[in-house]
Structures are given as structure tokens and as C-alpha cells.
């Protein structure tokens, strides 16, 4: 047991338990729904989850610093519309340039959020509540309340969701989940191996200690918001590819699903702990529940209620179990310090 | 000691509001020495550390590193100069693992984290300390001793030239202290200057080369350790001017109000026993971290005791919340007025009536402001609270007046037992005397008072009896005639507690 | 003395809001000749009655240092319960009673998780927001239920005094009640004290958990009541009613000078902010500005309302530093860490 505790950090344990829950959920649905274990189910779930995962990765960066970004839905909507409008006017445009453009637009909006939070010293919830409305308003102004229709778009973007990156048997890894998975992998490594990533954890974990250690928090926070914006921008491109039709309402309410996914995935809203892997698992869990409940015809309308229940249960269990477990999990790792700290001298 | 000084502090002063924390103090550190700094609570040691690490900036005076004046505006700059500190309360990142905590300040240098190397390096640093911690474990939930170890490892990893250790042994066991001292000797051999702050006399004499004593923010003495005796050091520390401090008049000792038997809350305090009578002031003396406040919090129901008995007015009680304690007539004036005593943005009036605001309702349940104002006015006169208006936010008052507001708020609940935690900390001389006079009057009126104080003259002047605690233990209860600054300080730092009276006479 | 008091009052947030309100009204008068029509004035309140009601209780919740994202969902659930029960043959009164009870229950659930489990209210009520709306969906699925009796819809639609329906007066009564409770009652005192400094309040013998649970229950109750008003005003109910209302409600409260960290703000400020936002929206509607743009104007106002005082403070500090010739002038920047609102209260 001690070996296990040594080799498996607490964070991994959290993720493993999410995987376990996911498997249980899938098995339950597999028993309830005919033809559940098919590539079709897999594809449907994976393309739903792609968007949420992508944005949840960005949200995780922000949450780690003890902030929150409620404007992601509006950023996704704005970028999706802007790209769509742009594509409808421009004949040929390479996907890479489009992606860069998406991240640039999103990043700029995220930068504004970050500057207002870090240097304007306004609570993140106030800033992003405001910019959520502002970016949505900008979308309406820019679009003049018109929509982008699927037929206006070049074929390649419409085909993007069907694009297969990798095939294993009948199961395909399609482009959109591929983008999300790429973002997860990149940011998994950034958070784990870059000093930028570690400093994000440090700031959220203990602002006072970070200050003493000479970490410049405002810069890190701004960067986190900017990256969150850039990922939301990329999310906008995914949104465009997936739905084709973009109205001024695009992406509305996404912020809550994204925060929910991150929180279910074990990202702490009070900063300092959580991983993008967890956020992805949270998104997958929610997406699987959602899509599977839709397929169980009778229970279609139970979706949201189950989702709310799922979030509160996940957070409560996490709080109780992990908080109880943490001291035990790490205390036993102390060696050669057998005496109680307060043993009499 | 032939080498040039490594770090010189020259005539540094620092003022916080009305309090002069440091008054033109000087201190010189040579490479390869362990310099002990002694002083009571509030002598200015912590302020000096904060100035040396760039957290505070001095109002006047200068700091020289190898003869060159340096200015420190933040801790990063201090670290760059090779000055690091290990604090009493370790400040770790709970969500980072131990290796990262050790090397957190190195991160600016390399943008990528090489975990394998990081773990190996961290293990190496810890091995130097003679401990093996799992460097992959999160710092959350680590015992204090382990956190301390991490802090020390952090300082060592930064190639320190000046290492400040603020009571590093306070939470370590004998075994760990030995390891720490071996390490300190290694560092000394390597030419590091160490400023060592500790209340444990035996440790100071074991490890230090020179000893400096501060008192009330002023330099008192400096001598090589060979020329210092524990007795002399204690005398220098406590030789505070009694001056014109108000002395409590004798009051009739009434019935037993509170009786505490074998009260424990591990690891904070254990086996505390005392009785408190009406009309009596029981001083609770000891050093910071001795567990005095924890006893008060246990009595007030904030952090209830795990074992033992509390009898209040002759009945056994189990107190689980401040609400319950307050209703029983047992109230607590906390040490940290700003955090626990007052709601700073609320008016003075509203603060005074807060615990008893239900008594100010009219038949419609509304708070009657004129009655509140009358009460506040009553206390403003009685306690001479100086304020231009009763609707002034409590945060805008001076420390002394704030304390009077906290006292008013509790006196207004008509308590039987008053627990005071550092009642005069951070308030000016005039207000201090007023508070002392008030404590005296309250005792005369038959209130039972438990007074925690680190201010020895205050303890001696105001207490009928003094209970001394040290590291969670009750060291003894001194009657008024037995208590002197020396006996109490000796008990508080664990020197010869068996026969305090004789020893005191010896040094007098 | 008198003068400084007057000055302080002029500098206060409420005064600023009042000036903004005057500007908004002035501009509205210039823009549209219909603005002063009694019917338009009634519409200003009438069309946003549900939000207005929820603003009142949200002010309490935020001053207490918490947040409730689930109000719009509880509102929809309340309306749904009322409509579904009426359809099932209950009387309106019985349906309303059940709806209010359900609202209370939802609030109780929120409160218990926040106060006794110690989970940040942002998360608890986010889950509530999704879950309670889910409950409404289970009940109504995708149907629209209406056919309320005439007397019921006329409560929400027809003028009671002039063109103002009775719900407007319900709001007015609750506003006065809220003002009195917040500013003059023991409970209001506790709400402020806990929001400012929970530790100090608990050290003074106040049961903060109880107060928080009570607040969330009241929040649920008022939201359900708003749901009933919604049903009466529109005459039919769908499960997706009032989606996104909570953000508007929170924005109005924050604009009213209530700090997201709790402890400060007045009912008067919140009332003025409500007037500003409603009039602003009304004016823009009269000039054919769409809803989303309206919201973004309100959003900008929200950010500026925090940013400008922050900058003024910094400017003041900068000036006082300059005059004091303090050499540390340039070492001040960027030291403070922004904190998330949820973390501050723990």
C-alpha cells in the first residue's frame, strides 16, 4: 500500500477514480441502451465533448490562479461568427491560418480580461460578467443580428468534423476531438513541466508564499486569461465547424458547462489544484451522461437534473474524501521522522 | 572574527503607527558566525527580520552587504543578495510537492522543470539535513516539523550567505534539533552568517558565538557567548522600565467562577489546571506559541478542548460555540482586534451593540438606534473613547480606542468572566493606563478576569496570580508576592522552574 | 463637520448613481417623446418585475458574502410547479403554495451545502442552476402550459392603479420591507457583520451558518414568487423560462455598490441601480437598440463602476506620495494578487 501511495500522486488518484466512474456509467448505459457500444455512440459523444474540453482546458488555467472566466461562451460565439463571416467572404484560406486567427481574436479578448483583473484589480467574476455581455454585444453589432449559414462556408470546414485523424478498428479519432485532445496534451505538459505552469499552481495555492518567493502574480494571471481566451477562440472554430450555422446566440451558456466540467474533473475553484486531464475527464463524464440520457428516450428531460446532481455529488464527495485522504496519503510518506513534532524536549 | 563584516545593519528605525518597532538598532554579522538574537515578544526581532528580507523598508538607517549599502524592496532582491529567512510559521505551497517547494525560487532561471533532476536535487538537499522526506508528496497536510525542514532546505538550496532562523526549533523534536544544529555548524564552516533567534536558552548557548539582546525595539547588549550567562541574558531581556505603570489594587476574592481541570487539546496544550475567583485577575504568561491563546479559545468554545473538565459557577459545562459561552456570561477579548474583535467597516455604535443587538429591538423587531446610541454614549464617557462621532467606522479609530470598543461591546453583555488576550498590545501609553485602570475597576466590581499578556510589567502589575505556560504545558502558578520578571521569564523559557522563588532571589 | 458630512454624502455611490439616473432620464426624454407616457413608465417595471424581485434578495445574499446563481432556475421551477399543478386540477392558491414551498426547499438545499459542507456558493448554486432547471424540464418536458384563469393573469397584466399592475406594488412593498430589514433589523445587522468579517461575527456569538441558510431559503422563496409573477404576466409557462436572468440580477446588485466580497452596499443603492438599468434599457428599446447591446452597455457600466473608483484611489495615493516626496513612489505597482471572490470568504 505504501508503494502505491508513493507511486500514485493524489491528483492521479482523483483522475483514476474519475475513469472508474466513467467506466461504471458506460456499463450501466450499455445495459440499458441497445446498440450502445458502437462507433456511432463514440463519435457522437466525442464530438460533443470536444468543444467543452477545449474551453475547459483554458478555464482550468484561470481557475488554478483563483480566478474564474465567465466570458468564455461569448468569446466562443464571437470568434465563431467572425471566422464564419470571414470564410464566407474569402475564397481560400488554409486551416492553419484560420486557427491562428481564431486564437488571435480569442487571445485579444482574453488579454483584456486579464489586464482588467490583474492590473485593474477588479474581481474576476465582475470583469468577466461584464465582458461576457460586452463581447456578446460586440458580436451583435458586428453581425448586425444576421447569422452565418452553413451554405456560405467553404466545404473543407464543413467536412472538418467528419475528418478522421486516426483509425483504430471501427473507432475513429476525428478532427475536432483531435484538436481538443491535442490541447489537453500540450497543456498537460505545460502545466507539468514548464515553470510557467508550476507558478500558476503556486499563485493559486498560496498567494502570500508566492509573493515571498518573488513570483510576479499579475503577469501570470494575465497570461492565464489570455491563453484561456485563445483556447476559447479555437473553440469558436470548432463550434463553427460543428454547427455551421452561427447566430448571435452562439455559445451562450457554455461558460457554465465548462466550469462544471472543470469542477467535476477535480479542479479547485479556490485555486492551486487540478489538472487539464481531470478537466477533460469531467467533460467526458458530463458529455457521456448527456448524450446517453438523450438516447434513453424516456429520460430525455432528466438530463439537466442528473447533471446538477452529478456536479454537487462530485464536489461534495471530492471535498469529503480528498480532504480526509490528503493528510493520510502524504503523512505516511514521512520517513525517519518518527517522533511527534511536539514531543517533550 | 578577523574577517570583514558580511552584513551590517546601521541605526535602523521603523515605526508602525504609534508604535516604534525598531529604534535605531545596529547589528553586525560576520561570515561563519552564529549570532543569537534574544528579546521578549515585541522586542523588535520580527521587524528586523522583515527589514532584512525586504518585506518592510526601514524608515531610516542602512544595510550594508560586504561594505556596500544595499536597498531591499522585496524578498526576491534579498534572495538575490543571498539573504534568506526561515520563519516561525513555515509558509509553504500546500498544493505543490516538497521538491517544488524547495526549489520554487529557482524557477525563474529555467523555464522547464526536469522532474527527475528536481527530485534528486531535493533529496540531496534533504540528505544534507539528515532527513529523508518523500519529495514527491504534496506539502498539504505535512506536520509542522516537516514543513520547517522544507523551509530550511529551501534556504540552503539558494546558496545563502546570510541565513535568518526565526525560532526554527520551536516545533522540532530533540532528534531533529540535533540534526538542525549539525547542519547549522556545517553552514557556519562554509562561511554563512546565521542570525539565530530562539527562546530556548540552552540552544542559544549550545550553538551561538555571539549574543545580542533587544528590548522594546532598542539594542541593549551584545557580547561573545562566553561572557554571557543565562541570568544576565534574562535580565537584559526583561529589564524593562516599570515606569508609572498602573498597579492593581487588592480586591476581595469572591467565589470560584471558573474551575479548569486537566484541560487538554493536543498538540496545543495539555493538563491545564486552575481556579478563577470573582474579583480576581489571573495572569496567563508565557512566550508566543506557548498555547495561552489556545486555552482561551477552548474556554470560549471556538476550538473546544478534547479532554478535561470545565466547571463554571459550580456546574460542569461543555462549551462548543462562542454563542453558548457568551450566553453563559463568559466573554473573550481577542488578541487580533482587526480580525476577530471588530467588524472594521461598521460603526463604533454597531460594534458595541453587536453581541446584544437583540436587546435593542422595538415591538416591530427593528433596532432602535437611539437606544444603541445611548449605550455607545455611555461607554464612550465611561471608557473615554475618543471619537468625533458614534457612527465612525471602527476601523478608523486608533488601536487604544478600538480596544475600548471591544471591551465596551462585551461589558454591555454583563459578563461574569472576562478573558483578555493581550489587552494592551499595540496601543499607546495613555490608553494602556486607562485599560489597566478599567481592568482594576472591573475586578473591584467582582468580575473574574483571565488576562493573557506577553508584557511582563503588565502581568506583574495587574495580576493577583500568574499562571505560566511553556510549549503547551502549565509551568506553575505564582502568587503575587512570588512573581518577578525573572521568575516568570525563567519559567516561560524553561529555566529551573522547580524552585523559582529561590533562584529569583539569587539573581536579584 | 456639517460640510464634511454633506461632502461625504455627495461623494457616495448612491449620489453617483442618482446623477447617472438623471442623465439617463434626460437622454431618454430627448430621444423619445413616448418615454413619459404613463404606459411606458409602467412598462419599465412591469416587463422586468421578476428580475426586480430577485434583485432584492440577491442584494442580501451578496452582502452576506455569497452568491446565488440558481435564482432563475428556481424561478422557472416555481412557475412550472404552479402551472403543472393548476393543469392537474389544483387551485391557483394551492399551486402557488406548493411552488413557494419548492422554492424554499431548493434554497434550503443550497444553504445546507454552502454553510454546513463548506462548498463555495458559486459551485453549489451553479449545480443548483442546472439541476433545478432540470427538475422543471422533468415536470413540463417541452410543453408550454397556460390557460390560467382570467383573474390570475389580470393580476400580472392589468393595471391596478393606473396602468401599474398589482405586482408592481408587490415589488414596492418588498423593496421597502427589504430596505427596513437590511438597514434596521437585527437580521440585517447580522448579514452585514458576517459579510464584512465572518470570524469577528462568530466571535461575537452570531451563528453565521444559520444566517446563511436562512438567506438562501429566502432567495429560493422570492425566486419562486417571481416565478408566479412570471406565470401571471405571460399567461403561460415553459421550462426554459428566465434563462440567463441570474446574471442580469447579479449585475444590477453589483452596480448598486454592493461588493462582490460582501459587507458593503445599501438597499437604496441597489434600488437606484435597478432604476438606472431599467431606464437605460427602456430608453435603448425605445431607440430600437437590441437586447444584447443593451446588456453589453450595462456590462461596461459594471466594469467601469469598479475600475474608476480603483483608479481614483490609486491616483489619490500617487498624488499624496508625490507631495510627500516619498522615494518609494515607483515600487508600489502590481504587488497585490487578485483573488477570486469565492475564496475570500473562507
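Annotations for the structure displayed:
So that you can tell them apart, the chains are marked A, B and C in the order they are listed, and the count of residues begins at 1 in each.
The definition used in the following text is that a contact is a pair of C-beta atoms (placed from the backbone, for glycine too) under 8 Å apart; a residue touches a chain by one contact, two chains touch by 3 or more.
Keep in mind the model is a prediction, meaning the values are calculated, not measured.
Set side by side, the interfaces B-C and A-B show unequal numbers of C-beta pairs in contact, with more at A-B. Among the remaining chains, B is positioned farthest from chain A, on the basis of C-alpha centroids.
Centre-to-centre spacing of chain A and chain C amounts to 29 Å, using the average Cα coordinate of each chain. Separation between the centroids of chain A and chain B, computed from CA atoms only, is 45 Å. Across the assembly, chain A contributes residues 210-211 that each touch 2 or more other chains. Residues of chain C found to touch two or more other chains are 335. Those residues of chain B in touch with two or more other chains are numbered 74.
Contacts from chain B toward chain A in the complex involve residues 55, 74-76, 79, 91-97, 100, 104-105, 107-108, 110-115, 131-134, 136-146, 149, 171-177, 200, 266-267, 471-473. Those residues of chain A that touch chain B in the shared complex are 6, 9-10, 192-196, 198-199, 201-202, 204-206, 208-215, 272-273, 326-327, 329-331, 333-337, 339-345. By the touch criterion stated above, chain A contacts chain C in their complex at residues 65-68, 70, 116-127, 129-141, 145, 203, 207, 210-211, 216-219, 221, 248, 252-253, 256, 259-260, 263, 269-271, 300-309, 311-312, 315-316, 319.
Residue ranges of chain C in contact with chain A, taken from their complex: 67, 69, 113, 117-120, 122-124, 126-135, 137-138, 141-142, 239, 243-244, 247, 250-251, 254, 260-261, 290, 292-300, 302-303, 306-307, 310-311, 334-343, 346.
Within the complex formed with chain C, the residues of chain B that make contact are 57, 73-74, 300, 302, 321-323, 325-327, 332, 334, 339-346, 350, 354-355, 357-358, 360-361, 365-367, 369, 388, 409.
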